[in-house]
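Next, two complexes with chain A in common: one pairs it with chain B, the other with chain C.
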Partner chain A sequence: MFVEVLSALNEGFLKTLELFGLTLAGALPLGLVIAFGSMSRFTPLKALVRTFVWIIRGTPLMLQLMIIYYFPGLIFGNNIWGTGEGGRFIASIAAFVLNYACYFSEIYRGGIQGVSKGQYEAGQVLGMTKTQVFFRVVLLQVIKRILPPISNEVITLVKDTSLARIIAMQEVIWAGQAFMKSDGIIWPLFFTGVYYLIFSGILTLMFGYTEKKLSYFRE
Partner chain B sequence: MAVLEVHNITKSFGKTVVLKGIDFSLEQGKVLSIIGSSGSGKTTLLRCLTSLETADTGKIMVDDKVVFDSESSVKLTRQEKRENQLKMGLVFQSFNLFPQYNVLDNVMLAQRLAAKEREDYKANKKEILQEIERHSREIINSVGLSEKINNYPCELSGGQQQRVAIARALALNPHILCFDEPTSALDPELTNEVLSVIKSLAARDMTMIIVTHEMTFAKEVSDHVIFMDDGVICEQGTPAQVFENPKHQRLQEFLGSFQK
Partner chain C sequence: MKKIALLLALLMTLSVCFVGCDSKDTLVVGITDFAPMDYKDADGNWIGFDADMAKAFAESMGMEVEFVEIEWDNKIAELDAGTIDVVWNGMTLTDEVKGGMDCSNPYCNNAQVVVVASDKAAQYQTKESLAGLKFAVEAGSAGEAAVKELGNQYNSVKDQATALMEVAAGTSDACVIDLLMAGAMIGEGTSYPDLTYTVKLTTEEYGVGFKKGSEYTAKLNQFFKDAYADGSMMETAKKYGVQESIIAQ
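This part shows the complex of A and B:
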């Protein structure tokens, strides 16, 4: 029985990991684009981006998942996500990427705006271009600044992936719950917690290590 | 020969007029101090000279070449802009060292980036980089920090950081080196080590413009002193004229405030 549960949970957790990895791969760069949009000097763009961020951050991720998954099919009669498990997975990724990109964008914005103007000016009087100043001087300072809040978000994401359960994506909690229904046992559901704990533990160590690596300088 | 000529520089921020027409010139190898109370426009003037701000009107010439002219509509290329930029060095009040680089890399970074654009960079990369390092070490040596070459800015005192900032500016061989209140962020003990570096530069005939509140130092090191008040040059002359025999009432009041 234990082996059977473990292999089902492993399979579910693999889906969880896929969702986690693809969300980060999409949301980390998209967040930077949104951050630049929200700092734009072109007011209409800035207003549009900030309104979007407000809506995404102001509503539950679970609701966004449901809307993104059901809305196209029910309202337009056109389920753009495709049917079955694959469709649910793609819709989940879309919802998670949008949601997390907005949170990341605010973290980036804080990090970029927090670097003192003097750093840009020093670069300029030394004849460096804006791009050189950004990549050679500012970027690492931004990364150092945003690492703690980013690690917070990333660890939240590990657990938030379970929300995809609401549109019946078969991640680890879904796999655990299945035993409750079929065999009447509850410990597999509880046991899924171990997966989350171990994974977020690994991430905590990794972020701690990176922070330590960057502790050689202070602003 | 005048290495710097400044004609009728004006600058406003919104409705606030900060510079109301500044004219002066500076001879090669001379030291100019700009004094005046806060808000008189000293720093803004320095920022216009170093292209951190764009003046509203006026003309700036370095070595008889126009580096800024509000009348001219000629678009400068990036290369020309950079050349003009590099004629003026600037040392900031708040040092603005790059925290993630050690002393040597702070001094080398801009030189290395500039070298990448040289046509012979690929062919002579090794020699060019070696030469940059040798040059940088020599300059760090000259500000007395050869022992700190591998330290990061956060490991240095304020005075040491400011000396690194001076070395970083010097490394690009500016025609004129500007200082924006270089010791205002330092306590008196650390002030002296920075001032003595500036004095040693003066002794080597470096052309410099120093915005400062250190009156004794200004008197000692300058060839020429400008007193600014409310966006204009209120009085100027040799240190002896300005400090010993001030004519304008505002300057008398200003100097009097230091004697209390």
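This part shows the complex of A and C:
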């Protein structure tokens, strides 16, 4: 029984990891795009982006999952997700990427706006273009500053993946609960906590190491 | 920046369309893991009384069958959104279900039973003896309706399995779950060897649900009639030990 449970949980956790990895791969770059949008000097774009961020950050992720998965079929009469498990997985990724991109965008914005004006001016004095100043002067400082809040979000994401079960995405909690529903066995559900703990432990060590490596300027 | 955002949005939509391409020669059956109606055999294939009947029904229409696990609370949304074609999973024909779906004729009887700790079971053999007990029930279930009628205090939890866990953990005195489920989930060999069921509160009927206005409903009623008449329905029922509960079609 133990082996059977472990192999089911492993399979579920693999889905959790896939959701986690693909969400980061999508949300980290998309967040930067949204951050630039929310700092745009073109006011309508700025207003639009900030409204979007407000809506996404202002509603529960669980609700967003259900809206993204069910609304195409319910409201527009066209279920774009298909019927299999693949569609549930992609809908989950879409919801998580949008949600986390908005949170990341605010972290990026804080990081970028936190770099003092003097840094830009110094770059300009040295004859750099705006792009050069951003990539050669500002970005390195931004990365260093945003790493702690980003790592916080990333570790939250590890656990938030469990919300995808609301649209029957079969991640590790689902796999654990399956034993409760079909065999009347409780412990696999609680045992899933071990997976989350180990994984977030590894991430914590990795972020700690990266932060150390990035301590290149003393402020 | 706007362009990049647009491009990303476009990419996302595109990747989605590839998933959504299925033709209508597949009957997509929404289920949960619910022995003995729908559950997996050792090789991971879906079996059970409902699963086998669904396979036979699809075959009678020349269609393939695909089983998809759903979150039970969302079953009506799943039907309406077209992510499944049918809910076929030992579904009690409640007012909520009948209002939100096109339902087949009932095909199976079930009861709601009270589950308590075995060592206290002797005290709770009649409806009257249940007064004062604090219940756990599945939100929106037939069990919840039954407890409401009793007038006892109760907590609505996520599903029947959680209701059982409440009793085992002592956070509720008793719970009300399906008789068929109680048969499979409590007693020796489960996490609940010390639980047992006593009083039957209500009896109820199982049906199959389609989207409102579906053409399948009439076809399934006819299929049930034929399968009952030629004995294949009873044969399948015997295979899963539910022959006592089958309703004549």
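The definition used in the following text is that the second predicted complex is superposed on the first by the 217 of 219 C-alpha atoms of A that agree within 3 Å, B and C clash if a C-alpha of one lies under 4 Å from a C-alpha of the other, contacts with A are read in each partner's own complex, and residues count from 1 in each chain.
Please note the rule applied: contacts are C-beta pairs under 8 Å (C-beta built on N, C-alpha and C of every residue); 3 or more make two chains touch, one makes a residue touch a chain.
Please read these numbers as outputs of a predicted model, since none were measured by experiment.
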Chain B versus chain C as contact partner of A:141, first or second or both or neither: first
Chain A: partner with more touched residues, chain B or chain C: C
Which of chain B and chain C A:11 touches, first, second, both or neither: neither
Which of chain B and chain C A:118 touches, first, second, both or neither: first
Touching partner for A:166 - first (chain B), second (chain C), both, neither: second
Contacts of A:132 with chain B and chain C, given as first, second, both or neither: first
First (chain B), second (chain C), both or neither touched by A:211: neither
Chain B to chain A touching residues, read off their complex: 50-52, 78, 82, 85-86, 88-90, 92, 94, 96-100, 109-110, 113-114, 152-154, 168-169, 172
Complex contact set, residues of chain A against chain B: 116, 118-119, 121-129, 132, 136-137, 140-141, 144, 216-219
Residues of chain A touching chain C in the complex: 30, 33-34, 36-37, 40, 45, 66, 69-74, 77, 79-87, 90-91, 94, 97, 165-168, 170, 177-178, 180-187
Contact footprint of chain A on chain C as seen in their complex: 1-2, 4-5, 8, 12-13, 15-17, 19-22, 26, 28, 32-35, 39-40, 66, 68-71, 74, 77-78, 80-85, 159-162, 164-165, 168, 184-186, 190-192
